[in-house]
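Starting off with a structure, shown below.
So that you can tell them apart, the chains are marked A, B and C in the order they are listed, and the count of residues begins at 1 in each.
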Amino acid sequence: MGTTTTATAQDLTQTLPQEVGTVAPALMAYITDGLFGTVWNAETLSMRDRALVTFAAMVTRGEGAQLGEFTALALDAGVTPAELSETITHLAFYTGWGNATAAAQAMAPVYAARGASADDLPGASPDLLPLNQKAEDARQNMVQNTYGDVSQGVVDYTQEMLFLDLWLRPDLAPRDRSLVTVAGLIAAGQPEQMTFHLNRAMDNGLTQTEAGGMLAHLAFYAGWPRVFSAMPVAKEVFANRAQ
Amino acid sequence: MGTTTTATAQDLTQTLPQEVGTVAPALMAYITDGLFGTVWNAETLSMRDRALVTFAAMVTRGEGAQLGEFTALALDAGVTPAELSETITHLAFYTGWGNATAAAQAMAPVYAARGASADDLPGASPDLLPLNQKAEDARQNMVQNTYGDVSQGVVDYTQEMLFLDLWLRPDLAPRDRSLVTVAGLIAAGQPEQMTFHLNRAMDNGLTQTEAGGMLAHLAFYAGWPRVFSAMPVAKEVFANRAQ
Amino acid sequence: MGTTTTATAQDLTQTLPQEVGTVAPALMAYITDGLFGTVWNAETLSMRDRALVTFAAMVTRGEGAQLGEFTALALDAGVTPAELSETITHLAFYTGWGNATAAAQAMAPVYAARGASADDLPGASPDLLPLNQKAEDARQNMVQNTYGDVSQGVVDYTQEMLFLDLWLRPDLAPRDRSLVTVAGLIAAGQPEQMTFHLNRAMDNGLTQTEAGGMLAHLAFYAGWPRVFSAMPVAKEVFANRAQ
């Protein structure tokens, strides 16, 4: 669950452009006191997870210009270079490939400065995690029956590239894949796609407290309305799982 | 309501990159004749409000590269530096903090050129506007009862930071806070969050004519589909208030 | 329908920043083998259409920094400079003018390098295609009756600028206008606006196979969730047209 939290107040401060203090002193105070001083330290979610969730939200929103600092923050908070590499590969599928390639451009100088080279990063064909064949058969049958006559390409790529490959790659834990997927869906404003993935996240080990902490954290980075549109979905998922 | 409209055709023209004429002469004609020549001068909404709404839409959409010119336009149209500073602070909460910090970076050179320094801008702790305690109690009870078991952090931050603080800051009128909030929701494609805020905007003084003018204006800056998804919500709000 | 497909593997490779190989070797493999090697060559949609759809998605998502390479790719795949110019003019209305003006800035150096000057591009007032008066009357009556009391400006601009002008401009075929419109709606996450435009696209000549191919293609460039939210709409449109 990544409780290594070596990220410091200094790391957080480096994600804040100095122009904020010049143009909006009140915003500066909200960020340093409220966001950095309170939210990032709330016990509902580890700092490592907060850094990963924030990174995923920034990638999803296409905020490449600010991503170098958030890469450094995530690395200092205990996310490994391999995990961040897997995260953008994962988000390429879940938020569009342009976001992921722009992220790679922002990350490259940070990786270079820290000596993380391609040799240290996961390759194209690792040994995959074991597949839950029964669950996958059920998912595939449902999608094939519903959408096979709409776009067989979507159905086929979804199985071959996502569920028989990407999700089974070992260098980002399934719980973390789910975490960045749900964060991406909230940041992209797609609560209608969240039920499946939040359930999967909790099946993969995300607790309800952590999910609630993620929602509060993302209110700041994705905006309040995105989170308030996701809250009813989370409420329904939590209620159904409690039965 | 800000009827100071010193913005000139020249200000508008400076928001139009010259490459448009090279690559898309027809688009250039639509912009200069239709958008600048007709829409910006329509009587439904003041030029000051149009500049503020446009600025809010550009911040929400993350169009930081073009924001310097829209900052200058807003200032020339009668929006004060303090109001723009409050606007990005407000939109930090409503469209994500990365958008606001990127906006600050685009605004800083314009503020510097015009001699607007941090000393002239609202600080972290001004005297707040009076609170409508009864309305706030009702809102808080509803949110606590609905979402307290989903994310107490969201519930608490929403009250403490937004409704007991941000919305009561005096340097942007409540009517204008509502205006930029609704513009942000339309630009972000979140009509499902608009009912509360459009009602609040009209409670705060926005007229139905101005709301209709804002929708027509945003069709250009946020795209037709965003506005057509917002139209049914506006129609329902208008109808309910007419009863 | 543009079956000229002179785009080469080299053109595709130029859309891939080299930092991807450094930071995410696995993503590099997905892109070169899966996306470039398989998806772009699938027979469901011509390479020319894929290049046009990709360009439209990138403009809609505001990915201006990567748009120069996609402009070159589209031109090499058989999209003409006039068609791309009309595409951004069209998308100015359908995804916001800032996206279109940022696209113009990215396209200008490519046009200059290839000697495509403003004189070769469609002007503001070409001879328009014939209007289907009966269909337009029906559309306008519906919109006027539904939304005239919400925003007469939206109703009027929609008729005057879009349906009596933009859609009748001859330098981008109606089928291609529809194609980029639907691609933009999917990329922007607005399936709720897709029914009208997908029907219009198929009335204008887009086949069901091509529509399905576009969905599979956009899964990569707009992200899987955007496409899965569009699938039920496409399914319903296809079913209704089959009756």
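Miscellaneous remarks
Throughout what follows, a residue touches a chain if its C-beta (ideal position, glycine included) is under 8 Å from a C-beta of that chain, and two chains touch if they have at least 3 such contacts.
Treat the numbers as computed from the prediction; the structure is a model and nothing was measured.
Counting every residue number used by either copy at the subunit A-subunit C contact, under half are found in both chains. Matching CA atoms, the turn from subunit B to subunit C amounts to 120°, rounded to the nearest 5.
We define each chain's centre as the mean of its Cα atoms; on that basis subunit A and subunit C are separated by 28 Å. Taken residue by residue, subunit B touches two or more other chains at 62, 189, whereas all remaining positions touch fewer.
Subunit B makes touch with subunit C in their complex at residues 16-17, 19-31, 33-35, 39, 42, 44, 57-58, 61-63, 65-66, 187, 189, 211-213, 215-217, 219-229, 231, 234-235, 238.
Listed in rising order, the residues of subunit A touching subunit C in the complex are 62, 64, 85-86, 88-89, 92-105, 107-108, 111-112, 117-118, 121-125, 146-147, 149-154, 157-158, 161-162, 169, 184-185, 188-190, 192-193.
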